[in-house]
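This is the structure, below, for whatever I ask next.
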Amino acid sequence: MSATVHVFGGAGFAGAQLAALVDAHPHFRLGAITARSDEGTRLVDIYPQYRVAAALQSPDPALAARGDFAAVCYPHAAASELVATLVDNGVRVVDVSADHRLHDPALYPEWYGFDHSRHDLLAEAVYGLPEAHRERIRGARLVANPGCYPTAAVIALLPLAGRLSDVVIDAKSGVSGAGKTPTDAVHFSSVTENVTPYKVLSHRHEPEIAQELGVDVTFTPHLVAADRGEMASCYARLTDPPASQDDLLDLYRAHYDGHPFVEIVERPPGLRGVQHTNYVQVCPLLDARRGRVIAFGVIDNIVKGAAGQALQNLNLMAGRPETEGLL
Amino acid sequence: MSATVHVFGGAGFAGAQLAALVDAHPHFRLGAITARSDEGTRLVDIYPQYRVAAALQSPDPALAARGDFAAVCYPHAAASELVATLVDNGVRVVDVSADHRLHDPALYPEWYGFDHSRHDLLAEAVYGLPEAHRERIRGARLVANPGCYPTAAVIALLPLAGRLSDVVIDAKSGVSGAGKTPTDAVHFSSVTENVTPYKVLSHRHEPEIAQELGVDVTFTPHLVAADRGEMASCYARLTDPPASQDDLLDLYRAHYDGHPFVEIVERPPGLRGVQHTNYVQVCPLLDARRGRVIAFGVIDNIVKGAAGQALQNLNLMAGRPETEGLL
Amino acid sequence: MSATVHVFGGAGFAGAQLAALVDAHPHFRLGAITARSDEGTRLVDIYPQYRVAAALQSPDPALAARGDFAAVCYPHAAASELVATLVDNGVRVVDVSADHRLHDPALYPEWYGFDHSRHDLLAEAVYGLPEAHRERIRGARLVANPGCYPTAAVIALLPLAGRLSDVVIDAKSGVSGAGKTPTDAVHFSSVTENVTPYKVLSHRHEPEIAQELGVDVTFTPHLVAADRGEMASCYARLTDPPASQDDLLDLYRAHYDGHPFVEIVERPPGLRGVQHTNYVQVCPLLDARRGRVIAFGVIDNIVKGAAGQALQNLNLMAGRPETEGLL
Amino acid sequence: MSATVHVFGGAGFAGAQLAALVDAHPHFRLGAITARSDEGTRLVDIYPQYRVAAALQSPDPALAARGDFAAVCYPHAAASELVATLVDNGVRVVDVSADHRLHDPALYPEWYGFDHSRHDLLAEAVYGLPEAHRERIRGARLVANPGCYPTAAVIALLPLAGRLSDVVIDAKSGVSGAGKTPTDAVHFSSVTENVTPYKVLSHRHEPEIAQELGVDVTFTPHLVAADRGEMASCYARLTDPPASQDDLLDLYRAHYDGHPFVEIVERPPGLRGVQHTNYVQVCPLLDARRGRVIAFGVIDNIVKGAAGQALQNLNLMAGRPETEGLL
């Protein structure tokens, strides 16, 4: 018997991709797709590539009490109230926003500029990175879907957690990571033939990466001339480094054994190999002379970095195969 | 003695480029750069590539009575009133907007949706394509700077004017032609890896091309994944076609002899050869079997298609060398 | 019971995509993937996005007598001998090269520079455009897979065949259409921010389009800054034009009723809606005043323009659902 | 009186740009432009954007004894012999290759795979970064023009030299940095929408950066989807860090006072602001909490990273204004 998934905030890049994935899923049934504007417009008329015939609807409060699952693709600060209502009503939620990713309530005013009123849900929410918390996700009422950069960076360094110091993460993201709203920064004429660092020392994904890796990190995102795809180039010192490149690869392969979307590769990957998929490719390289590791992680920021990972979490929550409906 | 040029509407792509050209010009002196917002912001802080230290100011009406020359880079319909005031005050004007390009007043309500109140200025304005009207531009009080597409298309076909029929112009433009305002259509994620026809059978440059060539044209613009540059691929039947490709080339070379910015090339040109310059490259090809000509014209839409051509016109109006301050 | 498909010439863009499609197909079994070099290299190591673990092998002649189906992805002139051997041996073939697309043997020396020795196979080969010849494809021993441009252009105009004149096809193609071999023309620095017409009045797809539409055409391809995707912007005069845009749309919808990969759209399509799919989107627009039609056709040149269409043909030949294994 | 500059290896990206700069220079006269192939071809027919009418010629040995100056734009290992002959003949040389950049002869076999036979010239050659060695360049017989990455990275960190440790340089380069030769890696279809790390822990610019900064560095280049432009994102620990961001900026401004091509900017720069210019923009940011600095340096790799810097050096060597003929 199929389960219904509502997508709240389905007009943005992540929400629309998720609606398309759910719509094509063998088990889930696409419920409502809500949006603040364009109600009545078919999703296919906004995103011709998705071929989803369902129309956007305004976010009727009654929806919050129906459906088996809900995915909330709202901007940060805007999601927490709806998420709380849904959870309180017994709907199981994947929060694609940032509103339940950080366990420490004090980080919300500092990094997101608002006080979080539901510390109980912050405590309860499971950070939705299946490669780190798969078993807890299965039973969760509320899953906090990770940010795109943390997905790439955490998976790239997680096998070394506990042994890392001096971590520098230099990340490169395609423009879709900045969202659908047109701004000067995403104007084609601003982006083409360009690379631009942004939010240096102040990007909100920094505490999320630090939380999951358990170490302070310097995180610097750059916007590059691509639509989809994200790379985290991670530099770190290691206490007790592996003896050889082969040992390092073995350690990574063992760590991710049984994780269907992680591919350990021996040559530094590009974005090309993961675009439009839920895969993450990771390449760890040992700099033996300096006792350092350089690890590259690449994802499609809209799929593994948002909607695909949300579906992966929904699969786990619903007891379905982890890869169902995902490429 | 230098002459002062005010740039009204200097925050957009064409206005900013023009301000930069005037600022670096050996003869002209950059007067005010006006904008509806961002007053007090230095132009270099919006366009780092131009290195113009002058700040934007709000469009003070008193400016309209000062300065030797003014360039008006407003959206269509918004320019006509200011242009009239300037001309009435004795300031010589290059109107970079579309408000004085069409000689027939009846075309304004049909194509631009407003009634033009100054038929006298429509009659007086010289269409600012130096390759067609150089002598009249020299003495003009008001020059109507051509649209970007008409610049490329008219120069590509002008040597054959009077002999043309069945004209199809399939044009490709970089995104800067759509202007600086961020919209869904210019979002990097909409444009990259894409080609999109737009305003098919309804683009406002059609009557302008028809006026200058003296023949009906089918004009279809496409947006391509480039910042700058525009190509007009022109197809036409010819009454009395030239006997050979060489004759066709000779005809073009003779026609444009003495026009410093027109380059007749023997192989179809790309955008690359004209970007950031005021050149137009034209390649006419004879399809002898069918009595047709295919002519390609390429320009930088912001330079020869707007600001560079405005400066070329200002040079002519001020009695300076036509190429001064232009690459 | 599954059928085996060998892919000859599997290292190029079309061959590799086809190998990936066959590899993931529920019915077909991927046989050999041959290549002139890199034997022993896994396809995934050349094309990480395809995740095909099979290795390339050299083109063993013995392969030509085995397998149920073969797809030949060789350059033109190089394919005809292998195709003949395969057909003579009873292997059913989709020839992805140009070697069997033209029915008139005289066109091969004129357009392709070689004499075709198997006029019998030229006569027998079915032009593999299912939207035109679906029934004959089902039983064919030899299917000539169409060129990418003809696929887009013919489908865009086919509903009007017999009523067309003065046909101009201005086409824009992504770079993958030029193939995998690195040349100056496909260097990133040549292509980015550029548009370039090429092979004007001499492109080999012209006679193929003319053959299928039954009318002379002027065909001008342009290279644009995209990887995948192709647009044919088609201009034609019509004898007996439809009375209205709605009638034109109805005519197209009726013509393509039952063809699962043709989408008739009301607004001019971009490349985005068809990339990585086997769909073709067609938008016909009536220029009633001039008795003309402008029809846009867009495809992914590697999928519907090559490998996807080859699989569509294989599905028909094998009695499988036409859409099986295709997006 | 003008001085003649020969450009050896003028068909590549750097050589052609340099020929164009010299050709337009008010003081220098363009001598021969040599190339291994295409002799007799006009440079404009290969690079339409440069409008240099002179034709390529084969590298006649007699040229090596004539001319006031020579720029050698050969691949590494191929330049040293010609450079030696030129210097021995009294021609003053800017070696744009890597063959005289490293002072320590032992580094050539290790990093470049050949033994350098002229240790005297390695000792004599002045590293041609005017921002570090301007006075010595003026009188030099042989200037070793820096690599593109070292130009961006060294200028970004030089004001802090002597106080740096734990240096990580994560660099992003446009494709022109890989040169004109077509390869799989520079195929448009490989580069567009992609980011790719390459030569990790093995790039030849690493020892050059280390030499000029006097500290070990971890250097990781990435290829991005751009033609021109290069960014060095530099991370370092500081002994004795400045007390504030303002102090850091003051330190940089003081250090580069009088250097006309260095622009200290307060917001992280993109490639856009320096493309087609000889400027380098540097943005140092203090991470006070961690005692680190993040410094961004951006250049046009073909101009400041190669040909423009070569001309800057030629200006200094010839006693001309440092900025003459440069944007």
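Worth a mention:
All chains are identified by letter, namely A, B, C and D, in their written order; residue positions are counted from 1 within each chain.
Simple rule for what comes next: a contact is a pair of C-beta atoms (placed from the backbone, for glycine too) under 8 Å apart; a residue touches a chain by one contact, two chains touch by 3 or more.
From a predicted model like this one, the values you see are computed outputs, not experimental measurements.
Interface comparison, B-C versus C-D: the higher count of C-beta contacts falls to B-C. One inter-chain figure worth recording: chain A and chain C are separated by 37 Å, centre to centre, where each centre is the mean of the chain's CA atoms.
Chain C and chain D have Cα centroids lying 46 Å from one another. Chain B and chain C, compared by their mean Cα positions, are separated by 39 Å.
Residue positions 174, 190, 192-193, 225-227, 269-270, 272, 275 of chain A are each in touch with at least two other chains. Contact topology of the protein chains: fully connected, every pair of chains touching. For chain D in complex with chain A, the residues that touch the partner chain are 166, 168, 170, 172, 174, 190, 193-198, 200-201, 216, 218, 220, 222, 224-229, 231, 233, 235, 268-272, 275, 285, 287, 290, 292, 294, 296.
Per the touch definition, chain D reaches chain B in the complex via residues 48-49, 192-193, 265, 269-270, 272-277, 281. Put simply, chain C touches chain D in their complex at residues 13, 175-176, 180, 182-184, 186-193, 225-227.
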